[in-house]
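Below: one structure in structure tokens.
Chains here go by letter, A, B, C, D and E, matching the order in which they are written, and residues are numbered from 1 within each.
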Amino acid sequence: MDLALFLIAGAVALIGAVAMLMARNAVHSALFLLLNFAAIAVLFLLLQSPFLFAIQLTVYAGAIMVLFLFVVMLLGAEQVEDTPDRIAWQRPLGLLLGLALLAVAVIAGLRTGTTPLPGGEAVATFGNPASLGALLFTRYMLPFQITGVILLIAVIGVVVLNQRGRQSAESGQATGD
Amino acid sequence: MLTWLIWLIPLLPLVGFLLNVFFIRQERAAGLVASAMVVASFLVTLVATFILGALPEEERLIQSVAWDWITTGSLYVPFAIMLDPLTAVMTLLVTGVGALIHIYSIGYMHGDPRVVRYFAYLNLFVTMMLFLVMANNMLLLFLGWEGVGLCSFLLIGFWFERKVAAAAAVKAFVVNRIGDAAFILAMLAIFSNFGTLNFYDLEHQGQVVPGFLERIPEIAGLTFGPAWQPIAIATGISFLLLIGASGKSAQVPLFVWLPDAMAGPTPVSALIHAATMVTAGVYMMARTEPLFVASPTTQSWVVWIGALTAFIAGSAAIAQWDIKRVLAYSTVSQLGFMVAACGMGAYVAAIFHLLTHGVFKALLFLGSGSVIHGTHETQDMRKMGGLRTAMPTTFWTYVVGAAALAGVVPLAGFWSKDEILAHAVAYGYWPQLIILFLTSLLTAFYMGRQVALIFYGQQRDHHYHAHESSRVMTVPLVVLAVGAMLAGFLNLPTLFSGMPAAHLLTDWLHPVLHEEAGKFNLMVALLATAGAVGMGYLGWWAYTSNAAKIKVGGKDPAYHYTGDLWDGMEQAWYVDVLYNTVVIAPFRGLGNFLARVFDPQGIDGLVVGVGRLFGWIAGGLRQLQSGYVRTYALVFTMGAVLILGFMLIFAR
Amino acid sequence: MQPIEIPPVNLTLLAPVLTVAAWAMVLLLVDVFAIPDGRKKVTGYLAIAGLAVAAVVALPLWNVTGTTFSGMLLLDRYSLTLTWVFLLVGALTIAMALDYLQRQGIEQGEFYPLIMFAVAGMILMAQASDLIVIFLAVELLSITLYILTGFAYPRLSSEEAAMKYLILGAFAAGFFIYGIALIYGATGTTSLAGINAYLAAQPFVPQAQIMLLAGVAMIVIAFGFKVALVPFHMWTPDVYEGSPTPVAAFMSVGTKAAALAALLRILDGALLPAQEFWLPVMGVLAALTMIIGNLGALAQNNVKRMLAYSSIGHAGYVLLGIIVGSERGVEAFLFYMIAYALTNLGAFAVVITLEQRGESAWRLEDFSGLFQRRPLLAIAMALFMFSLAGVPPTAGFMAKFYVFTAAYEGGLGWLALIGVLTSAVAAYFYLRIVLRMFMHEPTRELQPELNRGLSLDIAVAGTLILLIGLLPTPIVTLVERSLVAMGGG
Amino acid sequence: MVPTAYYILLSAALFAIGVLGVLVRRNAMVVFMSVELMLNAANLALVTFARERLSVDGQVLVFFVITVAAAEVAVGLALLVAIFRTKRTADVDEVSTLRG
Amino acid sequence: MSFPILSTVLWLPALGALLLLLLPRGADELARRVSLGVAVVTFLISLGLLSGYMPTITSGATLAPELQFVEQIPWLPSWGVSYSIALDGISLWLVLLTTFLHPVVVLSTWDSVHKEVRNFQILLQLLTTAMIGVFVAQDLLLFYIFWEFTLIPMTFLIGIWGGANRIYAARKFFLYTFAGSVLMLLAIIGLYVLHRNAVVASEPGFVGSTEIGRIVSDLRAGRFTLDTTTERLLFGAFFLAFAIKVPLWPFHTWLPDAHVEAPTAGSVVLAGVLLKLGSYGMIRFCLNFFPAASLWAAPAIAALAVIGIVYGAIVAFAQTDMKKLVAYSSVSHMGFIVLGIFALNREGVTGALLQMINHGLSTGALFLVVGVLYERRHTRELAEYGGLWKIMPVYAALTLLIALSSAGLPGLNGFIGEFTIMQGAFLAPDLGWPFLGFAVLGVVLAAVYLLKMYRATFMGELAEVNQGLPDLSRRELTTLVILCVPIILIGLYPALLFGPMQVSVGEVIDGLSLIVAGR
């Protein structure tokens, strides 16, 4: 049962990822990525992390991907790869490297052996939001605070990076007058 | 007393030199001071020699250390001079002839703008020559050796505006340097084998510094090692010394500088290039006689080189037009006689010939100087002729000198040359004897030729008005002419033992050279005299009777008979040409190749090339920095894959 | 539901970083509300003041050692020394930016708090003793730098640089987090002490630790990016060139030092038992970095890019001190970072003086004849160049001597050899600038502008470089003391 | 139960695809997406290990990763918009004036 | 602690540089005078070193302590590095040479330097301090710092005040010599670490030492041994640095460029002192630290030296530029010095030391001589001159003296050095005849190229353009005469210089003979 679910979700995730890679249109890519995220979220569920399942769906699928789509639409940058690739030689090389990475993973995996997940059932509370929250506010207090700062900086960054566009436009007008 | 007295001998001319360099600006003062110093030096030498002569024979070696010169490791060389019979003889010659030539120069150089400098050089030369002959060790001898070379350079190049003079000066110095290099090697070898450079044992600060000449018998008696070793050492060292002597004494194959050296003022030729400096090689060989004697191989080389030199130069002298070049080749030839004598073991004869030659050749040179002076700097004998009436003193003294050189009884040259030839007969050096004999015939011939060309016939060029030289020049001529007549009686052979001062020189030198007086060989004497007179007359006759055929710039009448051979003789058998093609031209080529090609492009090219290589690699790396962020990621990934791949290998 | 008990937190240990971060946040507000446009320099001064306060605050901590936040943060002298270095770097950067921003017409008050945040990130990196904190601190720093890099708005190159930096930075972050995941999978912990304990508990058998090794490899790769080790360095020249020059200066010394500081904690603290794995990897990286970095600089005519490549090369040298895994090595690292920070900041400050509004003056030719116009400036630049080249009697020389000694002692003679050889190569391009300044005639009219902030920077850097070069003892003592009670694993 | 290795392999594959995306795609948006994919792959690994060890720490880490990813994307997109304004392109190859 | 006379000599020029810095930039004459004053005072004080050093020599020839004027102040105590300076018989004369040439060089700047005079003097003073520092440093690190620092002022001297191609020359000079010495840095580190590791075994808590004397004594006492390969590698690293500095063939190509482009004063310092740093290093470090390796490498190095002697001479002969000619003659002469050093016996090493002084005087003077003409005509092409003897007799005479000293005329300084060196090489069991043959060829060729130069400039016909050239000015005359005094003095009384060297050189050679005995 678990295995079947894993295989299905895994396959979907892979298909989503590959499709994202192949899609010519950035919007399609975003959608395929969404599919992939969803599949991963399912896997999270399989791995007894319901909270992360939720986060994955809300933050990624709900927020980040929407942001992506929004920007894509805003810029009209769905298809930027119509021009010929100036460094086309890189494509096969990249593929080779990707495969090599995969090969390393497979070999390493084989070496390590296929230990099954611990048979024992996890305690019921394992992975529930409460336990996560508890950790977040005790052990991971500091990282938690840092993420706060990071988000703050991101906000500042977005403001800084786009505010002065307006500024310069204004000053441009001013000088234009 | 002698220990400080002998220092006066070289120091007096040195003072003269310093005075001339730093204080004297006047021609007159320069000449006077310089001459006075040399005369004073001569007088001191005389006194010293007499004092030396008063000592018992075995004590006739005065050494005096001024200061420690080189002291490092095992190397100890004092700055010290000595006086022994051989030195005394040389010193007398140097200061005596030197004094006359100084006086002569006052007249000869009159009016030259740089005459002060001239006398300074001359004084310096005498100083150096005295150091050469008085040195008690090889190194100080070498100081004098190169010092006289320097003065020779300065004086040959005295009229440096003339390209010929400049070239000749440099040539003289460089060719001498080749010999000197061998000399240096010889010194190194001497020190390495004997541990000293002193000639004789020297007591200094309570210690005995050994002298190598006295240790040669020890070496010869070495009991250890292969039997050839001591001889090999002696051969090696003496051979190097021979090369050194060849340079200074203008022997084959290094004689080429001397004829060119005639570009200097004539008194210089007389003093340096006839009477004193060029004989330094012979002196040195006599001084290191035990070394030469220890090596039969070297000795036979010495004889051959001397004989060959004598002949080659003698034949070259025949074909010269330049009045001084004749004398120059003649000098080379006579030096060959001396060297050959050394090789035969007749060192006293060599020194004897050195002495007499010093006198009569100085006379001849001064005479030629007088001629040149009287003919307004004419040196080409084709432009002369008939001068005997215009300059009688010069003529008569010149004839005396020529006869002495030719070996006419009883002038100086006869006795000394005869002693050498007699020695050759006595010790069976037949081939060399024949060569030397032929050379003496040639000598008489070219002297006859020269006298004829200069003094007989009609003056062939009338651009000048010939006149006799002033008193200051003729007096030295007369003095030397007297010397040329009498010097031979210094060392009469045993036959004349009853006469006063018979074999005086041999006896005097006995403490140094340990030779017995030479025997008289009537056969040789007769032959030589007959040959000299005959060939001298022949030469005179040939060129007086053919005087009409001699044209300014024309060929020699003898050319008609000998053809190209004459050219060969005129060019001294093309030795100079040989050097030019075999040594100098390749050397220049090599120099240019190394300097223009190999060094900038080969060695430096390699250095710069390394830099270029880095630049080239850097340029390549720059290409990779394409600006595409994806490429950067690609390289990134490559690195990642490699590291992960290494991980797999590591954890295998 | 049980109440969450927040564990005791010792904020003293956090004082410097708290001061900086809090000051920065306050400053943000102050800047927006209290400081009018055109007078943003005031913000800068305030920022410098904040950094100074933090430095003072850190002083009494010299004799304090301890961990807090469940062992995620560690304060020791090592981190404290680095903290001062970061604070100095931050202050000097702001000093040189004060006028620069105005001249370039990109003055915005946020610049200064952002620098402060970056400094906070660096301090955190030095203090962190948990992979996740390191990760977050790196990201804190990185995101700040993305923004700062893209700060020079009208210049497209600035944005291009930011973009490149961001894409590759995120790419590297992927590796980083994957590495953490693998290490976590292998050891069950992300704490450095925990990892060390795990490794120490058993003999190190590579075959059994593939997952851990893979994680280490991934982290090495990620740090390779941050520190700009070859072959993860390629962003560096582009980003340095594109970003505002003070930011480039800041990155070239601050980021590098912080990343190396953290890397040192990871490698020498947590992963020392696995040295036999990472030493060859890091050794090769260091060698490549020294070689390619210096060779890359060789071909540059653009001084800013040249300095970028040179910073790559220098990372290679510093790395020697880190990977050798000895006390001397750590000392050497600290010493080198101090010397290098001063030198490079000084050099960049000189570059800034030449920059006019709207045009870059980074070509080598622009330095021609500088000596005739501004002799002192040229002399200072020469001093910086000689220090970078490692010519005595400058701090740069002592630093090189220090690392090479450490490397040699630790058996890394071959790396020291590459080090000295590449520094001979490096001398070429440093010297080129010197020759330009002193021996060439000026090729165009270019009047260097020297204001108070820059002068201060250059004077401080120059003096200290010379002082350290001549009398290195105080700094040597400082770094030696810094090692006392160094924890981390 | 599904063995850990399966999950890890899956995550590795996703990671590799993400890497590949960065290497071959020119659209900056897609490049960002690929990076997100890489981060997600890491998340999957973290969660897997958390499950294997029955420790929630791994899951907490995922939480941080997601936050950071969000922040990065935010800045990245802001930058992209800024670039797009002047350059009118989202092709990363077009942004290649800095080189050499 | 008594008056630190050695430190005074060392730092006085640097202080002079500071003083000069305070002068206004345009005050050329003042700067020159101040500089000259500093130089003269430095020289006079350094004479105190001589008088302080000598008494012990005369009292007992072999009993003088090796190091004198020792000053030692901890500098980096935790590393065992100290500011440690002292004089021994090896460095004594080299320091004096430096301080002696210093005023001479400053004096020559009146005629050869016309722009940025103050800065020139500052660099000159700094350079002097650095060079003295190299000779007196008794600590490896201190030595290296001084060693490298010499590069900076010299590079500027060449690059700012040099001729047309000065920047290239300055760059080449800096990079070549710098590249040469980086390996030495590594070797210093290696020596330091190996020494510490070796000593710490018997002396727990030993932090290491860069004190030269300490390392040498530990090496001799056997407390610290190097295995053959290591020793050879370290030797090689040190040697390369020195060989480039000397410069030994084939590392010489920077020298002609540097000399040709450098201003006269720069050339004088370069030839006079800077090249000696290399040969000094060979004695002080290669021979002292690595006796076995020195023995091992001696024939090969001597071969290079001999090639250099002949090669330098031949190439010098082919030059048409006077300065280049003199520069290549340096290659030849320095070959002699290296040959002497690697004869590895007292005669050779003392000869080499003496020859260092000689070369400093003679070649320095030759560069001044060339400078005199260059200032008058702004060309150094031999073909441009000729017949100058006529109008510049004093100049010609001094030139001849100097040229002959360089050519090794007995009675002048050059000969003594060359002869002693050759004697040393002859006595060395590993060298001998073949080497000597070529070395002596160098002696011949020296006369060839120097007289070629002399003949081309002073003899022959006087060209129209040169008619009006004035003879030496009073200042030029003073400069050259000052140099000629020791040239003659050493030629006649070299024992004065040989004396103080004996003990120190003896120590070095004793260290070597220990190895020979063990071989």
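FYI, a contact is a pair of C-beta atoms (placed from the backbone, for glycine too) under 8 Å apart; a residue touches a chain by one contact, two chains touch by 3 or more.
Bear in mind the structure is a predicted one, so any value in this text is a computation, not a measurement.
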Intersection of contact sets, chain D vs chain E, gives B, C
Starting at chain C, figure out the least number of steps needed to reach chain D through touching chains.
-> 1
Separation of chain B from chain A in steps, with touching chains one step apart | 1
Going by C-alpha centroids, which chain is farthest from chain C? Tell me that one.
-> B
Could you find the two chains linked by the most C-beta contact pairs?
-> A-D
Measuring centre to centre, with centres taken as mean CA positions, what chain is farthest from chain A?
-> B
Centre of all protein Cα atoms: which chain's centre is nearest to it?
-> E
Taking each chain's centre as the mean of its CA atoms, chain B sits from chain D at a distance in Å of 96
Could you grab the centroid distance between chain C and chain E? Build each centroid from C-alpha atoms only and quote it in angstrom.
-> 43
From the C-alpha centre of chain A to that of chain D, how far is it in Å?
-> 5
Just give me the whole-number Å value for how far the CA centre of chain B lies from that of chain E.
-> 37
Residues within chain E bordering two or more other chains = 175
Residue ranges of chain D touching at least 2 other chains are 4, 8, 15, 18-19, 22-24, 26, 28, 32, 43, 48, 52, 57, 64, 68, 71-72, 75, 79-80, 82, 92-93, 95-100
In chain C, what residues contact two or more other chains?
-> 132, 136, 139, 143, 146-147, 150, 153, 163-164, 167, 171, 175, 207, 210, 214, 237-238, 428
Which of the chains are touching one another, listed as pairs?
-> A-B, A-C, A-D, B-C, B-D, B-E, C-D, C-E
Mind pulling up the chain C residues that touch chain E in the complex?
-> 386, 389, 391-393, 397, 400-401, 404-405, 408-409, 413, 416-417, 420-421, 423-424, 427-428, 431-432, 434-435, 438-440, 471-473, 476-477, 480
In the complex, chain D residues that touch chain B = 19, 22-24, 26, 92-93, 95-100
Spell out the residues on chain E that touch chain C in their complex, using ranges where they run on.
-> 75-79, 141, 144-146, 148-149, 151-152, 155-156, 159-160, 166-167, 170-171, 174-175, 178-179, 182-183, 185-186, 189-190, 192-193
The chain B residues in contact with chain E across the complex are 67-75, 79, 117, 139, 142-143, 145-147, 150, 153, 157, 160-161, 163, 165-167, 169-170, 173-174, 177-178, 180-182, 184-185, 187-189, 191-192, 587-588, 590-592, 594-596, 599-600, 603-604, 607, 611
Chain B - residues contacting chain D, complex = 622, 625-630, 633-634, 637
